[in-house]
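Each of the next two complexes has chain A plus one more chain, namely chain B in the first and chain C in the second.
Let's turn to the complex of A and B:
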């Protein structure tokens, strides 16, 4: 596909997404779009570290929670303007990431995976204990609650995230990250400052996650602080990225749409929660037989139908 | 009074710590031998607990007598999981293998709780034979029959495993495979079969631990991750692949938790404390307390 075609297709999709609140007034449909966009941000930001750099971070929820909590406090409890609060959420997540980044990246491979998982778990337990009460939006805000600004904010940040990943994948930074994923020692030996690159990827990834947390703080009428650190925030992102296509730009986008749609659809017909099992099966199938996820499936299918001149992943 | 409290805390800690040891030994075995970090280890434990619950409520079989049955059932379940999902990955380059097996077990970790919720509902269940609440005093310390039985079971199973690994021909093949699977294969050891049996043994050990957890605490569909984390803490405390170390590290964790639960300020954070210890050890002494240098 040529660059122009790429541009016009993505431009068309963006225009359609901007028109969504004007076309649909039903809140359930708008919520569906909102959640899809939130999941795109959440999974795409995980993709930077997990997909491009090959560092499986099972502590994504820690940064989502840090961002959400910081944004909620800045916005509601300190009374500062919303954009500042959401930016503050992103920054809080990044600052936290930089504090733990230096020791965390001393751990390699499997130890990084379980180390980050445990980190999020510690925060979850601590926040359930020190902030046990539900954080509820005040009445004046609940009365004026509207999904539309939340939708547009979510759209903006999802676009920002996808653009960031697009830029990374074409930059020198992206090349460095992918070289770390393929072989960390070889990357180090050929002059890539692996520690600095990993920290940079970590910072960008957590900043975007923090922004997603900020949107959630703006969206959610009530939550318990510990719930923001629930492993499900991490696991959903991991599932979406792998099922969609790990280490690609389109993967998390397609994965998020698929995930939210299938989740809604399955909960109509199956007992609650069983969609997680369905995704577990899909996840295993992808890991074992289809490492490129849905993106690879689509590419294969289109190659077969049109003689193989199309490259979706970039 | 104070002595009584201290002694009671230690006894409780040792009882629960033995269980931690038993859970960690299975995880340590699969990770040490095949470099598979099975994050679904706690799920096998959950299945074991529910099987004991079924045996007890449907067939009136005492959970302690049902232990061998559950061990065999979980052994088969582990073998099936390994054969279907992991055996294809065993041939890969080590780094890819570690990552992909971790991801596959993560998939299992997503599936098991939902199936369990569907089979057994989301209610917490406890296995309560007639003697479950009873205890006897030693030196002013109450010692419950069930925790004591759990301690005994854990000690016996871990000893048996130790003997299996050190005294039998099969144990030798496991140790050889751990050190270098390629050379082991060249020496005529059936590496695939060794892997299969090791993984199944790990699952069986988790299942046995599940019975003890069901008797002393309770089983619920979502319990798996919490116990996997406990096993991981014990695993890094002990150093990977150390069977005896895992047992003693389990005891240490049990006592530390029991003591810290009684302390002011720290009390509510007992579970988090174990995880903090885990992170510190991972950073400062990655080979574990009982592991060898390098």
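Let's turn to the complex of A and C:
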């Protein structure tokens, strides 16, 4: 596709997404769109670090949770304006990331994976203990609750995240991040400060995750703080990225739509929780037989039908 | 003097890989570095390029002390290298590989468009002009080595360390590689070349150094060195 065609297709989709609350008034449909957009942010932000930079973060929930909790406190309990709260959520997540990232990235390989996983688990336990009671929105807010502003905020952040990845993928920064994923020794030998760029990718990734958390804090009528740090937030993002197409822009987008649709569908016909097993199996199938994810499947199909050109960066 | 190494020492546990080594390289030279397997050639490259930190000694580049600098700093300062076991960025295109060198090396270019133009010329130079948009993972050994050399050149080095670029090539591929290395030398880049193939090393080197058990046991013009008794012994004694 040419740039112009790309642009008009993206523009068309954005216009349609802006019109969604006007077209669909049913709560369940609007919730579906809201969740899909939230998952796009959650998975795309994981993709920046995991897909492009090759650093597997198994504690994504820690940053989502930190963002959500910080935003909720700033907004509800300290009474500051919502935009400030959501930004605060993003910053809180980034600060956490730098504290863990600095020592973890000094050591290569598995340390980062384990460090992030352990961090999320510790935070989960800590917050279930120190904040055991559900955090419920006060009645005055619940009475006036509307999904529409939540939807638009979710759309805004999802667009921001996708645009950020689009920009990264064709910038000097993107080249540096990918070189780290491919071979750290060779990246260093080519002049890339690998420690610094890993931290930078981690900061960008967790800032966006924190924003997603902030939106969730605005959306959720009630939650238990520990629940924000549940591993499911991490693994949903990981599964979406791999099923959609790791290290691509479209992968997490397509993956999120597919994931939320399938989850809704499965929850209609299967007892609660079974969908996790289904996604686990799907994840394994994709990793084994379709490493490029759904994006690759689509590219292959289009190539066969139109004989179109191969695109390296979809 | 572009490179000066003084009293360099590196041990791995009890094994002394580089033993009190001194060497000097002048601007514009092509220095051949030979020695039996395990004599410390790659370790020396790792020390100069910052991958390893020496236990003792000093490395000066253009009169500046670069001992213990991180590899990316050394590269940005003007020393590039290739790896004995090639390490191209596999899941990236040839052009992207070279673009990384051009946008992060020494004299880096920030504009992607400008970098792209320059990188295309470098790819032509190493003979990869027609494969800019191919994934490196689809390449054979010869092209992977070319990608590595192109990436190193793209960092605009003053000094280039080539670690067994010719290993695994057939005679005609070796001819091509030889021409390429000479052309790099002609472009004004100082070279230290590690090779096992004697014919090659005698052909390109303006000066030869022989490493054995981490020490330089002989040094001089190729003709002088091959007649040296210690060298003959080191190779036959293997």
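Observations, loosely collected:
The rule is short, and it goes like this: the second predicted complex is superposed on the first by the 309 of 314 C-alpha atoms of A that agree within 3 Å, B and C clash if a C-alpha of one lies under 4 Å from a C-alpha of the other, contacts with A are read in each partner's own complex, and residues count from 1 in each chain.
As a convention for this text, contacts are C-beta pairs under 8 Å (C-beta built on N, C-alpha and C of every residue); 3 or more make two chains touch, one makes a residue touch a chain.
As the structure is a computational prediction, the values presented were derived from the model and not from experiment.
Legend: residue contacts after superposition of the two complexes on their common chain; A:27 is shown touching neither chain B nor chain C. In the superposition on chain A, A:8 makes contact with neither chain B nor chain C.
Between chain B and chain C, B touches the greater number of residues of chain A.
Touch criterion met: A:171 reaches chain C, while chain B stays clear of it.
In the superposed pair of complexes, A:113 makes contact with chain B only, with no contact to chain C. Of the two partner chains placed by superposition, only chain B is touched by A:274; chain C is not.
When both complexes are overlaid on chain A, the residue A:146 reaches neither chain B nor chain C. The residues of chain A lying in touch with chain C in their complex are 170-172, 175-176, 178-179, 181-183, 185-194, 247, 312.
By the touch rule above, chain B contacts chain A in their complex via residues 37, 85, 88-89, 95, 98-100, 102-104, 106-111, 113-115, 117-118, 225, 229, 232, 268-269, 271-272, 275-276, 278-279, 282-283, 286. Listed in rising order, the residues of chain C touching chain A in the complex are 49-51, 70-72, 75-76, 80-81, 83, 87-93, 96, 99-101, 103-106, 108, 110, 112, 115, 133, 135, 151-152, 154-155. Across the complex, chain A meets chain B through its residues 56, 103, 106-107, 109-111, 113-115, 117-119, 121-122, 125-126, 129, 231, 235, 238-239, 242, 271, 273-274, 276-277, 279-281, 283-284, 287-288.
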